[in-house]
Every structure is written in structure tokens, then in C-alpha cells.
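Chain IDs A, B, C and D follow the sequence of writing; residue 1 opens each chain.
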Amino acid sequence: MPDSAPAVQPRSEVLLSRYRAVRAFTEKIQAQLTAEDCVVQSMPEASPVKWHLAHTTWFFETFLLEPRPEFRPFAPEFRVLFNSYYNTVGDQHPRPERGILTRPTRERVLSYRHHVDEKLADLIRNEAIAEPVLEVGIQHEQQHQELMLMDLKHLFSSNPLLPAYQPYVKSAPHPGAEVAPGLQWHESPGGLVEVGHHGGEFGFDNEFPVHQEFLRPFALANRLVTNREYLSFVEEGGYEQPDLWLSAGWDAVQESGWRAPLYWAQKDGEWFEFTLGGEHPLELDVPVCHLSYYEADAFARWSGYRLPREAEWEHMARHLPVQGNFVDQGHLHPRVGTESGDHPAQMFGDVWEWTGSPYVAYPGYRVPDGALGEYNGKFMSDQWVLRGGACVTSASHTRATYRNFFKAHERWMFSGLRLARDLDGHE
Amino acid sequence: MPDSAPAVQPRSEVLLSRYRAVRAFTEKIQAQLTAEDCVVQSMPEASPVKWHLAHTTWFFETFLLEPRPEFRPFAPEFRVLFNSYYNTVGDQHPRPERGILTRPTRERVLSYRHHVDEKLADLIRNEAIAEPVLEVGIQHEQQHQELMLMDLKHLFSSNPLLPAYQPYVKSAPHPGAEVAPGLQWHESPGGLVEVGHHGGEFGFDNEFPVHQEFLRPFALANRLVTNREYLSFVEEGGYEQPDLWLSAGWDAVQESGWRAPLYWAQKDGEWFEFTLGGEHPLELDVPVCHLSYYEADAFARWSGYRLPREAEWEHMARHLPVQGNFVDQGHLHPRVGTESGDHPAQMFGDVWEWTGSPYVAYPGYRVPDGALGEYNGKFMSDQWVLRGGACVTSASHTRATYRNFFKAHERWMFSGLRLARDLDGHE
Amino acid sequence: MPDSAPAVQPRSEVLLSRYRAVRAFTEKIQAQLTAEDCVVQSMPEASPVKWHLAHTTWFFETFLLEPRPEFRPFAPEFRVLFNSYYNTVGDQHPRPERGILTRPTRERVLSYRHHVDEKLADLIRNEAIAEPVLEVGIQHEQQHQELMLMDLKHLFSSNPLLPAYQPYVKSAPHPGAEVAPGLQWHESPGGLVEVGHHGGEFGFDNEFPVHQEFLRPFALANRLVTNREYLSFVEEGGYEQPDLWLSAGWDAVQESGWRAPLYWAQKDGEWFEFTLGGEHPLELDVPVCHLSYYEADAFARWSGYRLPREAEWEHMARHLPVQGNFVDQGHLHPRVGTESGDHPAQMFGDVWEWTGSPYVAYPGYRVPDGALGEYNGKFMSDQWVLRGGACVTSASHTRATYRNFFKAHERWMFSGLRLARDLDGHE
Amino acid sequence: MPDSAPAVQPRSEVLLSRYRAVRAFTEKIQAQLTAEDCVVQSMPEASPVKWHLAHTTWFFETFLLEPRPEFRPFAPEFRVLFNSYYNTVGDQHPRPERGILTRPTRERVLSYRHHVDEKLADLIRNEAIAEPVLEVGIQHEQQHQELMLMDLKHLFSSNPLLPAYQPYVKSAPHPGAEVAPGLQWHESPGGLVEVGHHGGEFGFDNEFPVHQEFLRPFALANRLVTNREYLSFVEEGGYEQPDLWLSAGWDAVQESGWRAPLYWAQKDGEWFEFTLGGEHPLELDVPVCHLSYYEADAFARWSGYRLPREAEWEHMARHLPVQGNFVDQGHLHPRVGTESGDHPAQMFGDVWEWTGSPYVAYPGYRVPDGALGEYNGKFMSDQWVLRGGACVTSASHTRATYRNFFKAHERWMFSGLRLARDLDGHE
């Protein structure tokens, strides 16, 4: 472009470039894997990497290409094979059997991706696209990027060879920051506060509408709970004391034989942690990760504190910059925290933070019309909210109002916790 | 009593009389059953009537007699046999095996009751009792009276002979009231409201502390949802439309083959309902009963409304008298509602009303010390709050702040629903 | 009876008297139990005593009364409730739910028994009965007498109070016989031998027809394996050595956590055995009882011997008198063996002896016509033959050709073993 | 080689050539598959193709290389990863998790194969090999070739795309032989016959020793049961009539929803069969395949006949040439039978024939010493014998005395049946 007035990039170019960047990042994640790594499913909750590659493409094809009159499916049978849970769209290949799909091959799935990418690029260039749906598709793809890394970690952890996805790098963010700061508290007087997304930028339906909640005075810890702290809980018998646990949590401990976070292993007295860089001695100053809600809750009780409510967390995070250890850094493991200054540190990135808030609709929430109404609303039971994003989340995917959610017993996501406490004299 | 100055009954007499009345009512419930009826367990969640007879006695023995120096157990092995879930007390006979305890016989369990009653009476008369614990024991026994009737209903419903516990009486509360009133709405502007128990009268730990919540303008229906309304949902395909259901609810429908509320059966095209008076044609104006949370939620969505939040319900009920169709009436089945006047009707009694609120601790909640800390706190996950009491609840056992809770898929309690809606232009 | 001409009892009187004696014995078994003991089912394989009382009556009603034109059912719904597995008759109440039938009460089931007994007595007296079916009914009732005691033992063993059905008596058959004889062998040259029932006396269909089998020279032990011998196997690590076990047996050991026979328990280093007389220190000279096929097989392998084949056992037992420790003695537990003389001892009574023969049809076997064809034939897969009868079997119910059968993992019947070996130089 | 005196190939060359041919055939099977096809496990009973590639190599490495002083493992962790069930060797990677082993890659497993092949070749050439163990290893590899094709067929059948392993060819053996011959009988007078392997050529331990069995006069059908015959059974309600089934078989029908053989599907009224050539209309004259024991037994009962005993089958097959439709033909599906002449046809190849004989030890059987004792003996319970080999079996791997065995409910092996009947006047 010749030197001239500042080039205002047309909207369609911005969109296309963003679409392509996100799509490319998905393919980058799988590029260093063998086709074999991409086809296997290690548990019903996880999906094969190849399935993610196809499903994210299916999403764009189904919601943006299929409504158009000239639409011809890439392969008609993909409509069922790669539908995750959209009853409005139709039948679905059973979730626990995603791992038997050795066909279509990864190569063919990549062709599927490129075919849809070309069609999409045409539509975007021609400004013939429903932009809000495109944006949901992009955000959806980012969620699946995180799922790919979670699912792959679970798969590799199940293999006795404990393969590494990438080389391991020690977790300090920079020299001199190898030790986690001491525990401190950031206080808030509470009161009637606003919760929820104001609009403008993208937000999922479950972040709306803005509404008011009344909070009592509270404080949040300056940083995430560390492996060192959690190890004390383990070594002081936290997993043997039923009075520390919710009843359902204690049942889970007994039935599943939990004795430590997922991916911890004790060998000859020493503790190791399996990471996307393979298994290594547990780094004590790194935030603890891969906890169930029950473990996070039991640890908080043992500490004499509690989990934050989601409104408390959001109120505290509302005006902080969305910066931290995200997937963009490529570290793929939580990092030692730094001093927090005026505000709590590590609010974004590193690990998703369990809150003590069940995942339910905000007052005034409305399920969107059509198939996308199935995106979030139907999951509003029997799950808990997590906040902040993790080291496998894209920085551009999260924000203070973002509500992630998992079941109380789940542990394969990058989940940790931050402590909270009441300020009015009793905890 | 000859005419004289009003006799002020001493506190100990009041207590003793209340204790004896509640204990006697428990025995009355089982008196019309055979010993065989009392020993069997029809599912892991339910317990045999005999076990309830013993466990409620164990509660008084363990928490009031055992701490005393002169204590001698009635039978040392009962300490484990009849402990429900108090890890602080010690081991427990496994819950799913409560039904294999043909020994001790019912007769011996009744002796156990009378033995403990005598010891308790002495303590109460001598004012040597921890009154708050006694009160918990009495409330606890009332909860188990309700459980006895729930569990018995489930047991009898599982028997192809469909035996009746008592004669069946049609459900209209009085002549001329055979038809449920039309649906109307009682509005509230919401705002910052108080929720929770103010103390004074008895309340469970989970009702404390009083705190503030901010509510948007809302309305509650004037009465409970009826069988007629729910039957429309059934007949218009409510159980076949996944978009009406939470995802976990739809899974439950598929896996459990639900097609109607528990205890409904269709025979030759006609609908019947099993009651404690046996199986009878479905009475259409009676409140619907024995719904899971998922069904209540799906029905509300199908109706275009929603479930109340527990704070909304409590705010509306706060100043209403605790009157309704309780176990004291002996009807043991919900009854047709009456006109509501200035306030919603049927807020107390008939059926427990599902709310859209997960069961979690109130802000500032503290778990009580000691074994009684296990009473409520450890169940604060994966359950939902129900309000108001049912036709198998004692009138003296419930109140506006009372929080009952069950899992989303459970149906054997007397659970129904009342509709709610937002008042700010969108539902 | 004064000395006189030998009174020839008419056939109908003989039959009636036998019918009544067997029916009375059934009621005697349950007479010392409470109604509560009789209603509960402790596992799907076992049935409540009350169910046995009713089902045996149903058998006579269905197969002898129902075919008659004047037949009126005692209670029409019993046709399904108390049908065990006769698809030819029609539907069946599900087996695992036999224990929820608190109604009909035991009292009513006893009325049912007496009602059918009167009808049957009339038919027998009037010689209007199908005698072979009557005989099957009587034999069937004797089988259920044994099942009642097996099932009751399992029920009582599941109760932490470990109740006793009757007083405990030490197991030596008479003073001076407290010690089991040493292991000796009774040899047979084998060859072409006859196997199966010759007719005349009653035999079940599965004992027919007589046919020839070729046996190699073999020997059977002079007595049953004792607790002392089995305890050596336990203490020398028999349950920890996979090479001693069939693959499916080793799986069962791992999954079920078997470490000793059913009903053995080790407390403070001492071994106890639960019996119908309650729990008592293990008597070492008594035959071991309540073994699975897998355990019997592993013990035999560990001993350097093997289990007998059923043809070997029958060949050796063919001409022995059917005498031993049967239910008629009332001991209800195996007894110390005595010297064997010319023939192996304890071939009848004490415990059923596992053979190494799967339960399949004899060559030329024909399934009987009609519903009684379901009695034995359809179970001829996935089970193993046991021989000889046990201390809970009627002496008049067993014989050398009798084929009992159970699944390889089952242990609640009174099952033990006798060792066998080849005589041709290699085991 | 120049023309000269007949070259006597040295024994080591014969062995090496045989070893190499069998090993090469294994690799040929997988050569037309993607790496993705080779890693996935479609059910716990099946294994991934890659696992078979490795395990067969592990077998040679463990039993032939490891005992040698100079042994260095190719990869020490393979010792556990690729051990199937040899407790004597040590721990095993859990069978249901064989499918999560994306590493080692197929490429590395092929390197493992070639590494071991070189070592083996050296040993064979130097005549430093335990030839009987080498022979077991070769036979073992042939068994796994068959398993690879069975497991692959199951995997592909589970994929909604129904991929084909190779092109489909209609099943007639040659033009003019498209129709199965009519049912005829080949008779035998029975009597005292020899059963078992005489030694000389290779045989598995379970084929020994030769012993005598006494057979009644019997007849075997001239050919295998066809799809046409089995379809009549299906269409005439065979799967709805409990009286045709063993009790355990009827349970399996109910629980598994069987309505036809595995791999049959009815679409718009037409029947299809899934084959290694994809899904095609059912060829009615082809032998029925993929039956459980229960189905084979029910079909035989419905036909008025029965399954052969294994001694009958072996007696009839003893002097027949081992010729038929084997894997060597490459058809990989049973073929229409031809006229039988003096002897029954299709005794070898096409499908394994269920016998009515449970799989137990022959009289005088001895378990081999050492780890290879685990090869067959520990599976001698709860399985049934099949005879004759199938279209996925190597011709050089089977013989008249060969005893294959599967559980009664299993269906993914190539299993069918031949009818038998008694000759003594009844059946």
C-alpha cells in the first residue's frame, strides 16, 4: 500500500483476518501430533483432537453455510457425526463413541476445514455473513482449542509412557520470581453492585443481562493457591477427614480413590506432576491445578476461608486489564504468581478459579432463539461457575464477566482456586 | 380443672408434652402397618419404617443421653446400625442395606423407643436437658415422620397389589370447591429485601443469618400447578421435546423412561394416580405432585413462565400464616386450591414447591460445631431448594424461612410447583 | 396298631401322607422366624422365605388345580407374583423385587397354602391327580426347603447382629469322632460305565437317559476336604497366586475381594464361621463349605489333585446307601467325617460336592413337553454340576444320579469338595 | 540354484522361511490401513491392530530372546504394555485401555517388529532356538492375524460411515455354485472313538492327550446353516419365543436387544450384512456368521435338531483334508457351500462351528510348565468349543483336533453352525 492517509482496514478484512487467525491456531495445535494422537478418546467427557477439528468446522458450516440457498454439504454424513449436542439440528453420533471414528481420516477432516474456510472467506469478503453468528463461531472455536489441550493432556496422562506434547520449561515467569508472594487480602465493602455484561463487545448469552446483587463486605486473596499450600492439605490428611468435605465430595473421594489433584503422582516419596511437557517434580510455588469443586471447597474449609462467590470475583475483576498467562504465551502450565500491588494478581490466566456459585441464569436471562439457544442455557443445572481463564485459554476469549462452568467432580480442565473471606467478623 | 387463676404450665411440662406428642405421632404412623411393611427398603434413597423408628430414637440417645456420665446404651450395636450419616459419631451401617435388618424386630425397636422416652422424660422433668438439642431432636423426628410416609408410599407403589395405607377420600377441601381457581398473579416490586430467619423461634442453621438480596419486580401465581395443567403438558408431547428440558433433565427422561410424574399410570387410555389411599383416577384439579426438578422446570418453560427463586418465594410468604393441608389433617394427599384473595394461596402445605435456586449457604452462614454441624451444611451442593411444606409435613414443622432440598432427579417426595414471572416486560 | 393282618395302605393314602409331611416340614422351617425375617430379600439370587412359601404353593395350584374345569384361583394376582421363571405360564414378578412384597402378609400366604392343601387333599383322595406332576411338586418343594435355609443364612449373615436361626451344636457326629480321618484314596479302574437314572423311582429329566461313558482309571478321596486343609490354602497365600486359578476365577477373586470361603471371618487373628447357629470359632475338622467352583478348583490344583468328573462320582456312588448328615438330622451344618471302610465316606449329605463337569444335557436327553420342560433344560449352560446333597437337603430328595447345578462364582449354597486323581501315572 | 541333486533345505532355513512368511502376512494385513485405523479399540474384548502388531512381537521377544544372557529389551516399558495375560511374566497394561496407546506410534511398533525379527533370524540360523516355543510363537501370531481381522471388522462396523477394508466380491465359490445344496445327513454309528491329537505335527496343549469317548449313533449335516435358513428363524419370530432359548440366552436377547446376527441390519424392509467389504444386501445362500452360542443353540432347537458335540465333529472330520475357504483365499467372508459327496462339506474354513461342548480339559490333560501354561489351561471354564476354522483363519493353522473357544454371548468372531442329530429313533 503506498504511503497515504492512515488505511482504515475495511470491516470485512478485519473479520476475515480474525477468522483466519483463530482457525490457523487450531491447526497449529494439532500440527505437532501424529494422526494416531488425534483419533483416540480417553474418556467419555473428552473428545479426540480430530473430532474437535471437524466439529468446529461443522459449526460454521451448519450455522452460516447451510442456511444459504446454494449450500451443498461437504459430506452429508458429517451433519450427524460432528453435531455435539444440538437437538434442534438433529441426531448426534453418541458422545462416548467419538473415538471410534478412524474415518474420516485427519487428512480428510483438514480438507473439510479448508473447504469450509474458503466458502466462509467468500461470504465474509462479500459481506454476506451474519456477523454475530460468525463471532459465536470464532469464540466457539477458541473454546475447543482449550478443550483440545485439556483432552490431549488427559489422553497422554493415561499412557504409561507419559509422552510430552512440547518441551518442559520451569514455571517462573521471569528470573527472580521463583517464589510465590505471601498470602494477603484485597478488601471490598460490597453493597449493591452490578453484575453482568454491558454489551458492546462480544459476550455469551449467559453473561446477560446486567443486574444488581447485594454483597456483604469481603476480601479476596492476592494470588492463587499454590501447590505448596495444597500439598500441606494433602500431607496433613485432608483426604482422610470427612468433616472437611461436602457429603457428595466425600463420596467422590471414597469412590474414586482421590488422594491428590489429578495428574499428581507420588513416587518413592517424591511428588510429581504430569504436564503437557511430560511428568516432572512438583513445582511448589506454582498454582495448584486440576482440582474438582469438592477439593477446592475442602481446601478452603481446611484453610479457614471459603471460595469466592462469582459476583464478588467479578466485582473485584471488573476494572482490571485482561492480562496473564494465557495460551498465547505457549507455556501451557500455570506460573508462579507475582506481587499484586493494589489489586489481586493472577485474576486472569493460569487456572480457572472455582467459585462457590452454582451455574444458574441471571435474573432476566433469556435463552436465544433457534439452535444457538442450546449453547449455554440448557446446561444451567448441576454445575458450578469458574472465572478468569487459564494458561490454555486465549487472551482474546476471556473477560471479567465470562462464566465458565463444570460439574463438581470434574478435574481435567485447568481448575484451581483463590481464597475469599467475609469481613464482618465471622467467616 | 376447677375455675381458678390461669395455670401457667412450667417450661419443663410444655417441653415434655411437646416431646411426647411428636413421639406418639411417629408411633401412630406405623401402628396401622404390619411388621413386614416396616422392615423393607424399596430403594437405596428410602429407608424402612422400622429404621426411622430406631434412628430418631438413636438421635435422642446419642446427642442427649450419651454425653451424660451415667449413660448405658440400650444396645451397643445400635450406635452403628442406626447412625445415618454422622461421621463425627462414627461408622454407619450402609444405607442401601437398611432393609436387611430383620433384627432387631419392630417390637424390640419399640422397646428401644420407650426406654429412651423414659430416660428423656426424667431429664426434661429435672430440667437437665440441653433444650436446643432437644428441639433439634423433635424437629428431626418430624422430618422422619414425613420420610416414613414418603418411603412407605414408594414401597407400596412398587407392589403390584398396590396396597392402600388408609381409605381414599376425594381431594376437594370442602363441598363447592372441587374446581381449582383460574391462574392469576400476585405482584411484588422486589428491591432490596431481607431473607432468612430472625431467630426467636426455632430455625435450622441453614436458614441463618438474615441477609439482604436484591430482587427485580416479579409475580407469583395464585396457586399451585394442577394435574389438569400438567396433563396438558404430557399430552402435548412435553416429554418428547428436548428443547423444553435442561440437558441433564433430557438425559434423565431418556435414561429413566419418564413419561409422566411418578405414581401416574395410564391404563386403557385413562390416567390414574397412586396415593396413600391406593390407586385412583387422576383428579384433575388437585395440585400435581411427585415431580423432579427437571420436570418442574420443563413445565414452567413450556408454560412460558419460570420457577420462583427462593428469595422471591420467601419474600411473598413472609407475613402469611402457616396454614394449609398438612399431615395434621390426615388427608395425606394434596387438595384442590381455593381462591387466594390478597395473597397467593397454598403457599404452605399440599406440596413442596421447587424453586429455581440451588441449595447453597447464605452469605455469612456458619456450620454449627460438633456432630450437629453435619445436619445440613455438608449437603450444600448438587441440590435445589423447595419451599412451603406438604400434606405429609407437620404444620408445626415448617415456616416461611424453611429450606428443604432435594436432588434434581428425585421424585418420591411430595414435590410440585408454582409458576413465577418477571414483571419488567420480558419473561 | 395291634398285631393283625398287614395293613396295606392304599396308594392315595401313601401319597397324601407324603404330600402332607413335606408341606408340613416347609412350615416348620419358617415357624421359628418372625414375619419380618420372612419378607426380606438379601440379594437378587436369594428369595424371601415368604416367597418360597407362596411359590411352592403356586406350583401345585398352577400345575394341578388350574387345569381342572372347576378351578377358581385363590387370588388371581398370585399367578404373576409367585411365578418364578415359567414363561409358558406367563409373566413373572421381577426376581430382584421379590423382597418388596410386604403384601400379601405371611399370614395370608399361609392361608393360601392351607387352601391349596385342602383342594389337593381332595384330589389325591379321589385319585384324580396326575401323580407324576404331584411328585415333581413334592420334589420341588423339597428343593425350596433347602433354598429357604440357604437364603435365610445369607440374610442373617448380612445383618451385623449375626442372629442365629437355632442353637449351635458342635459338629462331631458322636463322641470320639472329633477328628477327620487322614486322606486316603478309593480306586476305580474306570472303563465303559453306565451313567444316569434307570427309572422306577423318581428322577428329574436331567438324570435321563442312562448312557455310557468311558472313564480312565481314577481315585476319589475317602472324605470331604476339611476346614483345616482349606485354611492351609488360605494361609499359604492361595488367594494371592494367580497361577492357581482359572482366569475367570482370578478375576472373581480380584473383583469380589475374596480371601476365604463365604461366611468365614478373621477377627483379631482368629477365624470364625457364620452358621445357622450364629458365628463361632472355625471347627477345623469339619468339611469346608460355601466355596465357589473357582475356589474348589484352585484348592484342588494347589493340592496337586483335581475335582472329580460327575461320571466318576456317580460311578463310585452308584451302589452306596443314601445316608448322611441331611436336613432330617436338624444339624444344618456339615459334620466331621468318619472312617470310610471299603467305600468313600460322606458321599451323601454334609455339602454338595463340586465336580469338574459343566452342566449339559446327557446324550439323548429330551426336554419334557409343556411348562415343566422349563424346569431343568433351559439352565444347561454356564453352570457346573454338584453331587451328593448337603446338610440342608432332605434325605428323601437325593440319590446317586441327582445332578445339582450352580454358577461358578456362586457361594451361598452349601458347597464343598472332594479330591480326585488319575491313576495312570500322571495327575 | 543350478539343476543338481534334490536340494534338501536345512531345517533352519525351513523354519526361518516359515517364520518370515507368517510375520510378513501380519504386516500385509495392516498395510492397507491408516495409522488411525490401527490405534483404536472398539470394545474391551477387541484390541487395536497396532497392539496385535506389538504383542505378537512381545511374545517372541519375551519367550525366546529374554531368556538369553545377551538380551537387551528393545524398550523396557513394552514388557508391561504388550503383555496380554501372562501373570507369570508380570504386570499387564489393562485390557480395556489398549486403545489409548497413541504412543508408541505404528511406525515405532514396526521398528520393534523388525528389530525382533533380526534377532530371531540370527538365532534360527544359528540353530540356537527352542523350536517348540518358536512354533507356539508362530501359531500365536496366526491366531492374532485372525483377531486383527475380527477386531477391525468390529471397529469398522461401529463407524456410521461403514468403511470397507477391501473391495466386495460376491460369495459364490465359482460360477454355477450360487445356491447352497439341500440339507442332507452324514451318519456315524458312534461307539468308542478316539479324540485328541496324536502328536507329531504341532498341536496346542488343550488337544492332548488322545483319549476315548463313547458316542451314540449320530449324524451331521452335509453343510453349514445358511443365511436363508437363519432368516426364516428371524422372520418366524425366533427372537420372540423364550421357549426356544436357554435361560441365559433369553436374558442376553432381552438385555442386548438382539434381533438378528451381529452385522445384520434391516433397512426399509431389506436385510443387509456388514462385511470386510462394507455393507451389502444379505446373500441368502452364504453360511450364517457372527452368532452367539445362544443363537446357534436356539436355531438348532427351532430346527428340531441340535448342535454337534465336539467329539462327534472331530470323529467325522478326522480323516478329511484341511481344505476350505481360509484367509489364504483373501475372500474374508464365508462362501456358498458345494455338494458334499461322501463326507460333510465345509468342515474346514468359512465359519467356526459352535459345538454343544463346554471347553474343559481332556481326561489326563496337563498344564504345561512355565508361562506358556497360561496359554490355554486357565480359560477352561465358562466357554464353549468351536471347531473347523473360518475364512479369516490360516489353512496352516487349523486341523481336525483344533479346539477354539469363546464365551456363549460373544459374536464378533466368525462363528456359525452345522446341525446334528441323534440316530436312535428320537430327536
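Methods note: contacts are C-beta pairs under 8 Å (C-beta built on N, C-alpha and C of every residue); 3 or more make two chains touch, one makes a residue touch a chain.
What you see is a predicted model, and the numbers here were worked out from it, not measured in a lab.
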Check your understanding: Going by the stated contact rule, which chains contact subunit B and subunit D alike?
Key -> A, C
**Study point:** Chain centre separation in whole Å, for subunit C relative to subunit B (CA means)
**Key:** 48
Review point. What whole-number Å value describes the gap between the mean CA coordinates of subunit A and subunit B?
Key: 39
Revision key, fill the gap. CA centroids of subunit A and subunit C: separation to the nearest Å works out as 61
Exercise for review: Sort the chain contact graph into one of these: line, ring, star, complete or other.
Suggested key: ring
Study note, to complete from the structure: Listing every touching pair of chains gives A-B, A-D, B-C, C-D
Check your understanding: Touching subunit B in the complex: which residues of subunit C?
Key -> 34-40, 42, 50, 77, 80-81, 93, 97, 99-106, 155, 158-161, 163
Study note, to complete from the structure: The subunit B residues in contact with subunit A across the complex are 85, 87-88, 192, 211-216, 242-243, 245-250, 293-294, 297, 309, 356-358, 360-361, 363-364, 366, 373-374, 378-382, 408, 422, 424, 426-427
